[in-house]
Structure formats: C-alpha cells, structure tokens
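Across the two complexes that follow, subunit A remains constant while its partner is subunit B and subsequently subunit C.
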Partner chain A sequence: MDKVERRKERLDRGIKVRTEGIYAVSSLQEVSYLVLPRLVLIVGLLILPFLMPNLYWNSVICTVGIYALLALGFDFLAHFVGLVSLGGAFFIGVGGYTAAILNKSLGLSPVFTIPMATLGGAIICTLLLLPALPLRGVYFAIVTLMYPLALKEIIVALNILGGTDGILGVAGFPNIWIEQYLIILIVIFALFGLRRLVNEDIGLVFRGVKDNDQSVRASGLSITLYKAIAVFIASGLGSLGGAYLSHKHMWSGISQFALDFSVLPIAATVIGGGGTLVGPVLGCFFLVPISEFLRAFGTLRIVFYSVILTAFIMFRSEGFMVYAQRKYHQFQRWVKV
Partner chain B sequence: MRGDRILQVTEVSKSFGGVQALLNVSFAVHKGEVFGIIGPNGSGKTTLINCITGFIKMDSGKVLYRDKDISNKDPNKIANLGLTRTFQIMRPYYSLPAYKNLVIPLFSPRARKAGGWRGGGKLGDRETVSIDILEEIGFERDSFVPYKLASSLPTGYLKRLELARCLALRPDIILCDEVFSGLSMSEIASMVPLIEKLQMDGITLVMIEHRLRELFRVANRVMVMNFGEKLTEGIPEDVMNDDKVKQAYLGSEKLLDYTFEG
Partner chain C sequence: MDILIYILIYGIINSFSLALWAIGFTLVYGISRLPNFAHGALYVITGFLVWWFLNKLHLNYFVAIPLALVLMGVVGAAIYRFVLIRVRGMATSEIIATYALGLAVLEFLRWRGYRGMTYTLPVFFEGSRNIGGVPVDLQRIIVIGIGIVVVCFMWLFTHFNKTGLALRGMAQDEHAAMMLGIDSDWMAVIAMGMGSILAGLSAIALLPLGNIVVEAGYSVLILSIAVCIVGGLGSWVGAILAAFIIGFLQIIAAYIQSHFQMVVALLAIIITLILRPSGLFGRQKELEERV
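Entry: the complex of A and B
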C-alpha cells in the first residue's frame, strides 16, 4: 500500500469572512465575534488591580504598564515604519528627567508635568534622533542605543541634574489606585489609538516607508518627515512612561537610562508577536511578572529568563498573538495531496 | 503637436568612481510629446532618469522644468512639481493591496491640493479615487484584482501599478523606465493604447525602452545614448538609419559582415 500523503490546509472561518464587511452587524454572533476579544482585553486590564494579592503586586502592574508603552512604541516603529529602535531607555530617561525638573523647579503638579513631559520629551528625542533618520536597520538601532549611555555619562561626569543621586522629592500620586488606573487607561488608549493610526491613510504611508522607501519618495512624500512623525509618536509614548515613572518613584535618576527599558520591550515583542501591537503589551504582562517571580532565585534569575526566551524563539517564534489570531480566524484540516 | 519646452536638460554628467555613467547629456522635451530614450545596456539611460528626478545627485549640469531649476532637488519635491517617474524594477508596496498602494501617492501634498483634504474631494475618499485610477489604468473594477496584495500580482499589473502611482500625483510628465520590459506580447499589445491614451490626456512622456517596435509606434522623437553620451536625436526613422546608432547596437557593419563570411 502506498502511504497517503497529506498536508495541512488552513481556511478562514466563515464567521471571519462574514464579519469583514457591513454584514458584521447582522447578528449577535457576528458582533460578539468582533467585540469579544477586545472586550476581554479591556475588562481584563481594568479588573487586574483587584486581583492582585498585595501592594507589591499592585506596584508591579504599574511597571508592566510602563514597559507596555515602550513595547507598543517599539512594535510600531519596527513593524510599521521599519525603524528598529533600542531607544526605550532614552525615551524613559528624557521623559523622566523632564517631568522631575518641571515638578521640582516650577512646582507643577503631575496633572501638568506628565502631558508636558510627554510632549517635551517627544520633541527632544525626535530632534536628537533627526540626524539618524536616514539610517536604517541596525545602524539606526546603534544610534538609539548610544543616546541613553551617552546622556547617563554626561549627567554623571558634569554632575548636573543631581548627578548620581538624581532628582529627589518629586511629587507622587495620591494613592495606589490612581497610580494603577492611570497607567492602565493610558496603555488601553495608546494601544487602540495606534491600531487605529496604522490603518488610517497616514498609517499606510508609514507602512510604505517600511516596505519601499524609494517608492514613497517617488510618490512625493518626504521619508524623513514621516519617519520623524513616527519617532515622535513612539518617543512620546516612552516619555509618557518615563514621566509616570518619575512620579511613581518620586525620584528621577540615571537608572532611568538603564538598558532594561530598551531590551525588555524587544523580548516582549518577540514573545507577544510583532506587528500585532496587542502582542507586545501581553508580552510585557507575561515577562515582567515572570521576572518578579524569579527574584527568589537570586542571580540565577537571568538564566531562567534566558531559557524561557530561548524556548519561545525556538518553538513559537511567530509570537503568541500571531498564533492566537490564526487559531481564532482560521481552522486547519488535513487534506490528501 | 509641438508645444513649449517643458523639460530642458543641459550638460548633465555623473560618474561613479571611475565609471563615467553620463557625460554632458543635453536634450529638451516639448509639452505633450512622447520622447523615447534608447541605447544598449549600460549606456546610462536609467542613471539619466535618476539624475533628473533627484534620486542620484549629478556631478554637473542643469535640469530646467517649466523654466525652473530643479537640479539636485529632493525626489519628493520634484515629484510634487508634477515630474514623476516609474521604476524599471517595480517598486510597489508588496504588503499592501493594490488599491491601498495608491493611497500613499494620493496622500502627497500635490494630490491633496488637487483633491481636497480627503484626497478625492467631491469624488470620495482616497480609496475610492485609487480604485478609479486603477480602472483607468486597466485593473478591472468589479474583479478581485485591485484588492489583491501587490505581492501576488503578475508583472503586467505591477507595471501598470507603477504608472498608476504616477497618475495619482496628477503629473505633467511621466518618466517611464522600461514599462514594456518583462511583459508578454499580449500584455504589451494592451499597454500601447494606454500610453497613447496618456498622451491624449496631455501628459508628456519620456520613455526609456528596449522594445523598439512598440516604442516607435508611440514616440514622436527619439534620443540614442551609448556609453553615457548622447549619440543622436531625431524622428525614429532617421535615427535608426544613422550609422552611429547601428554601430552602437550591432557593432560595426564591417565586423558584422566579416563574422558572417568567416
């Protein structure tokens, strides 16, 4: 007997096809197919603070939120604009210091310093990265990696902005609930805002820059301008996280330029699935708590951490969300060749 | 037929290291004509287009477009003046459907000025306008072709998409870099009327081409290049009877005879 050769065939589910057009509103089933995943995410994020066992874990949520903003920015730049940015630490540091300075020297409350630091930090980061914008790939990544290291050394060497002590006595948040819900709402708005943006016409231009930048120039659009806009958005998200971090810790210092802020968002994007935007956010919600759990192992922590990352890259290199979306939208079956 | 000079190229030179890609090339294109540029491989035709449209900075020379100096300006600024180009090796946005490919040129300042803030003005949003343009260029409106990913389209459609990208900018001139190359005979046959239609719409065309028979059907004047220099210029019949051109294309007549005899 010959062995029957079979292969896997993937087909879109009927309900996926039906929900693509205006017919999505035709029945409750179709509507819930579209709304349910988003609702689960939003509601899940909103009730998360109540599920935490103690204050320490409530505080971890805030950290996760900061990393989620960075991961969103990284995913947006890498998969929709084609700029691989290692500038997480740079954005956090600039935003954090800006908020701390505004708070300490001008006496502004967090209500004003956070938006101002977001905008100001985004402007500063974009201006500093402007000369690097014609670069692509690893060259752009190296420049973004250089800035946090350089700024840290400048602050230490010149002993400005509090030197190694940092800026102490920054105003904090009234209580842990405001602290948590502020960052969760910011993450939700940033996530859905970015998803909306990349499907707008300007988002298509961003994707065009990634796909074929010469063609964008031939279309009469300046690639430097659109790369600058994209970096502005991503660095704005990072600076927002930094400003929030300064107020959360009531302190701003050189550890805000730590490379963790650059590296962890990338790991989260790998685990969550690049190009999905929601994946990196979920990746942060997975990685940061894992890293907290592993604290018990002391210095072995980094070993376990690496094992988890390696396992993901080897067995699920597409990322969790890409896998989940495929399972949700498509079914598989075996067919004879 | 012949109008004012819309494009005037004067003494353009460009060298890449030791290779002289272009040497003092000058020509003028009149409004509304189809101007062909032909020449053997490596004669500098594509480099010439790259220099005119700003994708490569030229070493010396001058390009006047509507009596305005556009030498070495940024490509996007030149495109916004209405001087557009296609690429020989097609450059669509492979990850986007064909009609979304056109949203990007429709987003440019020139197209926005012409079409209002939604891109199409009264005509609708940018996606509606892009489907209209695609239909004009030969994508069947009610088929699935305009909605397919650019990566799954055959060469014939991608060449049309290149032209469509130029049309989205409402151009005055299109510099076509080998629109016929890589196409089957039937695809070429359907492309020629398209070129004629563009000319009738008042668009000036500069065409680099290797398919001489099809080019001579549409071209009013032809320029021949060889080794980065301009050999001659004139109406197609005269040019092809020129000895210098024959030499460039076929090697010298003598050598040819000798080969046959030997």
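Entry: the complex of A and C
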C-alpha cells in the first residue's frame, strides 16, 4: 500500500452559511434548516408526558427537569464563564430549604415560594460564593465541592432546620400534569434564555473572563462582578430546581445536599457535549431514566454513571451534541496534504 | 487538667493520622500536580485486600502486607498509564476522571455489602499504656512512630534523591524539567505508584483502630485535601503544620460535639482557599492560582 498523506477537511455546508444572514428567509428549506431542530426539541419535550406508561414515569420526568436545570447551570458556568462548579447540591439545598421555610413559616403557596426561593437562593448562594470568586480552575471546583458537605454537616451538628429529619409537610402541587408542565416549560425557557444570553454582549464578556481575564480587566470591566452575575444566574437555576424539588416531595432535608446533584449534571454535560447548552439537557434525559431502571440495584447505579463518565472523558470527551452539530453544519472530505 | 492532657495526647495522635492519610495525596498532588481523587478509594481497597489475604487466603501477616502494598503500587501506576495519561494537563478532566474511578470502586464495594464487625484488621501489638492518666492503645503510639518515619523518609527522598528531586522539578516547571532529560510520564507513573503505596501504608497503620468501612474512603479524601491545601502545595513543612492545626482543632471540636469534626476540616479548606489559596507555606505558582 502506497503511503498517501491525507487529512480530513471540514467545511461548513452552504445552507449553514446562508442561514446566518438575511437569506435565512429566502426559501422554506432554509427556514426549516433553522427551525426544525429547535421545533423537534420543543415539541418532543411537550408531548413527552403523554408518552409515559404510568404515573411513576411521569414523576421521573420531573426529576429529569431538575437535573436538566442544574446541568444547564453547570454548562453555562464551566464552558462560558470558566468556573467549574462542583456544587450543584449546594444550589439545590439552599433553594429547597428556602422554599420549605417560606412555605411552612409564612404559609405562602408554591406560586409565591418558588419565585421567592429562586431569587433568595440565588442571592444567598452568590453572597456565600463571593469570597471564592477570585479563585480559578481546580481551586474554585474544590471550594464549591466542599460547600454542600459543610452545610450538611453544620445542619446536622447544630440540629437546626429540622436536623436530620428535615422540614416535613411542605405544600405539594395540585396534580401531576401541572407538576410536569411547570418544569418542562421552565427548562425550555431556561435553555433558550441562556442561549440568547451567551450570544448577547454580556456573553462575550463572559467568554472573555474564561479565556483571558486580564484582557477583560484591561478593558475596565470588573471580573468579579461578571463572575458574580454568572454565579447568580446558575445558582438561580439550581435554587429553582431545589424549590421545585421541595414542593414535589413535600419535604426538604439534608439529602438535598447529596452528591448525586453534583455528580449527575457533570456526567450529563460530559456525555451531552459541553458548551452547547442543549447537550446537557439531553444528557439528563438519557442518564436519569437509566438510573431509574437501575434503582433496584441500589448504589450500583452510581458505579454505572462513574464508569460511563470515565469512559466518555477518556475516549469521547467532545460529547454527543458537539458531534451532532458538526455533522449537521459541516461536511468532511479527505484531501491530500 | 485531665482534659488538657487528653486533648494534647489525642491531638498528637490525630495529627499524625492526618499526616499519614495526607502524605500520599500530598506527594501526588502537591509535588507532581496530579490530582488523585481516587486516594480514599485506594485506602479502602488496601484494607479489604489485606483482610482478604489474611482471612480467605490465610497468608502470613508479614507476607500479606508487602504483597498488598506492591499491588497498590501497580494499581496506582496503572491508573496513570491507562486513564490519567489521556487527560493529562486538563486539570478538571483529571479530577473528574479520578474522582469517578474512586466513586465507582467505593460504591461497588458498598453494593456488595462489605460492612460490619467482621471486616477488621489485626493490630500490631495488643494492649495499652497510661500516659499522664490517659489510657492510650499501643497501636496509636505505633501510628505516631510510623508517621514520623514516613514523613522523614519522604522529606529525604524529595530533597536528596535523584528521582525525588525530579518529581519536584516536574511540579515547578514541567518544560524545564523535560529539557533536563526528565521523562514526565515516567515520573508521573512513579508518583502515582508511590502515592498509592502510601495510601495503602496509612490503611495498614490506621484501619486496625476500627472497622473497615466504605465511608472512610470519602472522609480520608476530604481530610487529605484539607491538609494538602491548608499546608500549601509542594511544602512538607506546611503539610505537617496543617496536619497539626487540623488535628488539634478536630479533637477540640469533637470534645464539644462529635459532628463538628468534619465541619472543622471543611471550613479549614474553604477559609484557606479564600484567604490564601496557595496555603500557609505554598510558594509555587502563587500567581496562577488567583487573579
């Protein structure tokens, strides 16, 4: 066999280039190239509750939604702002406890407690993480990993907020359909909202903070302020998930600081494809049902995600959506070097 | 007065336990910059391995321990050679990959139901001594001895041995070290192997004090990170000092309420990282860690 040096060349498809400008509306083909993938996702999410065989799987959808919010927050912080947060459980726990306290002590209904816990939780998380914001990379990751563990130990040690029993008797949702559509609409809104945000001017600054923070500083912008805004958004998403979780289980307790909430969103992001925002959501729709199937095996399911996670990090670190988007937007051919 | 002696004696013992737990992690992360988040899992595996050698294969105690340590060294080297080498340089991926591996091992052991009174290792010597009116097990005194020997050995190794100096060189400036003919991957294999052996050694010294439980894997990891971060990367003096600070604070906190033991370690990590990310004695890469 003669050795011909070849390499793969990737080029954008013509239709991709056309749909970036005003020509997007020139024909039905271009319009559908843009709209179809988004429509498939939205319609798919909206009809999903009807496809579930029984009530148990309907409630799994709600769990998927909570993890999807966390995974969105993780992906946004890690791939657009450069802050690797391993503290998903911290956001969930703060949001969950805030909602439960508001509901129990002030008697507010979920219509008020969820928005209030989202905002309040985001403020509490941002204030607590504020001193850690100058840290980078691994150091920020370790601090965020320690926060939920520390908070859980403090609650147990001081026996506050219900101690190990948690706060019981939080108001629930009227029925399973409201419960499902609420979280699905929130996920869709958060997904498209974040995509919009990262393409605005502020998104450019966020990426600047990630890639070269000194240049952001040289432009007269405060890095800490922008990091705080990003953490506020991500922790808001997490707290929203936590508040929803408290009302869903009608209970708030220390298991909301469990490691699952920190580990699964990361696994979903790695599998779904980091930096795409939609990838992590799809990753959750793949991982959470699998973990439900494996529930009978107890902690074996954690073994299962860990192995998947390691395998993806080692062999396919780009993830599913990055691959899919490349195939959709580009074609490749072999060329001689 | 009794309380003061109690705090003093158990504080010293606890500090040396922490130093033993942390020293393998410090060698791998602090010196070679490879975060080995499977450290706690390696610690627990060693415990079960020795237990299995002693109770199932009926090996002699003095055969089982070296065999277990050698096996741990091979496992550590294999983790680098087959897993970490693929993600080298991407700090977050290194952490996630090793953490996921450790999690997989620990949760697998938990699933198989390895827990309870049967899983204990024999102590080196039975009996206890009274020191200033406080009874202390002989095993705990041996822990102090092993701690001193290991710390001294590691200090000498990293300051006067060619391989040890090469490991430190890698941490300080990888490119310069490679230009001087240091093979970066080989050094990392050695670091991971030695780190795993040290994790195993700490398991053999400390596990006879209680049952072998899976949860120990997580707490050992957290305490090791705490000592490594509070002390500062790449500093043995810092690591020992940090082990003493956290060790004494833990004993004092446990005297007030036993749940505070872990809170102390977690708060120590958070506060140190926020106030002084490079640790008490860390001098390496101070600028890179913080804007």
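Everything that follows uses one rule, which is that the second predicted complex is superposed on the first by the 309 of 337 C-alpha atoms of A that agree within 3 Å, B and C clash if a C-alpha of one lies under 4 Å from a C-alpha of the other, contacts with A are read in each partner's own complex, and residues count from 1 in each chain.
What we mean here is this: a residue touches a chain if its C-beta (ideal position, glycine included) is under 8 Å from a C-beta of that chain, and two chains touch if they have at least 3 such contacts.
Quick caveat: nothing in here was measured; it's all calculated off a predicted structure.
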Touch check for A:134: first (subunit B), second (subunit C), both, or neither?
second
Subunit B versus subunit C as contact partner of A:219, first or second or both or neither
first
Looking at the overlay, does A:76 come into contact with subunit B only (first), subunit C only (second), both, or neither?
neither
Quick one: is A:204 in contact with subunit B, with subunit C, with both, or with neither? Answer first, second, both or neither.
first
In this superposition, the partner of subunit A with more touched residues, subunit B or subunit C, is C
Please identify the positions on subunit A that touch both subunit B and subunit C, taking each partner from its own complex.
214, 217, 223
Sites on subunit A touched by subunit B in the complex:
201-202, 204-205, 207-208, 211-212, 214-223
Subunit B residues touching subunit A - in the complex, by the definition given at the top:
53, 55, 74-76, 79-80, 84-85, 87, 91-96, 100, 103-111, 119, 126, 165, 168-169
For the complex, which residues does subunit A have touching subunit C?
78, 84, 131-132, 134-139, 141-143, 146-147, 149-150, 153-154, 156-157, 213-214, 217, 223, 263, 266-267, 270, 297-300, 302-303, 305-307, 309-310, 313-315, 317
Within the complex, subunit A is touched by subunit C residues 35, 83, 86-87, 91-93, 95-97, 100-101, 103-104, 107-108, 110-111, 222, 225, 229, 257, 259-260, 262-263, 266-267, 269-270, 273-274, 277, 288-291
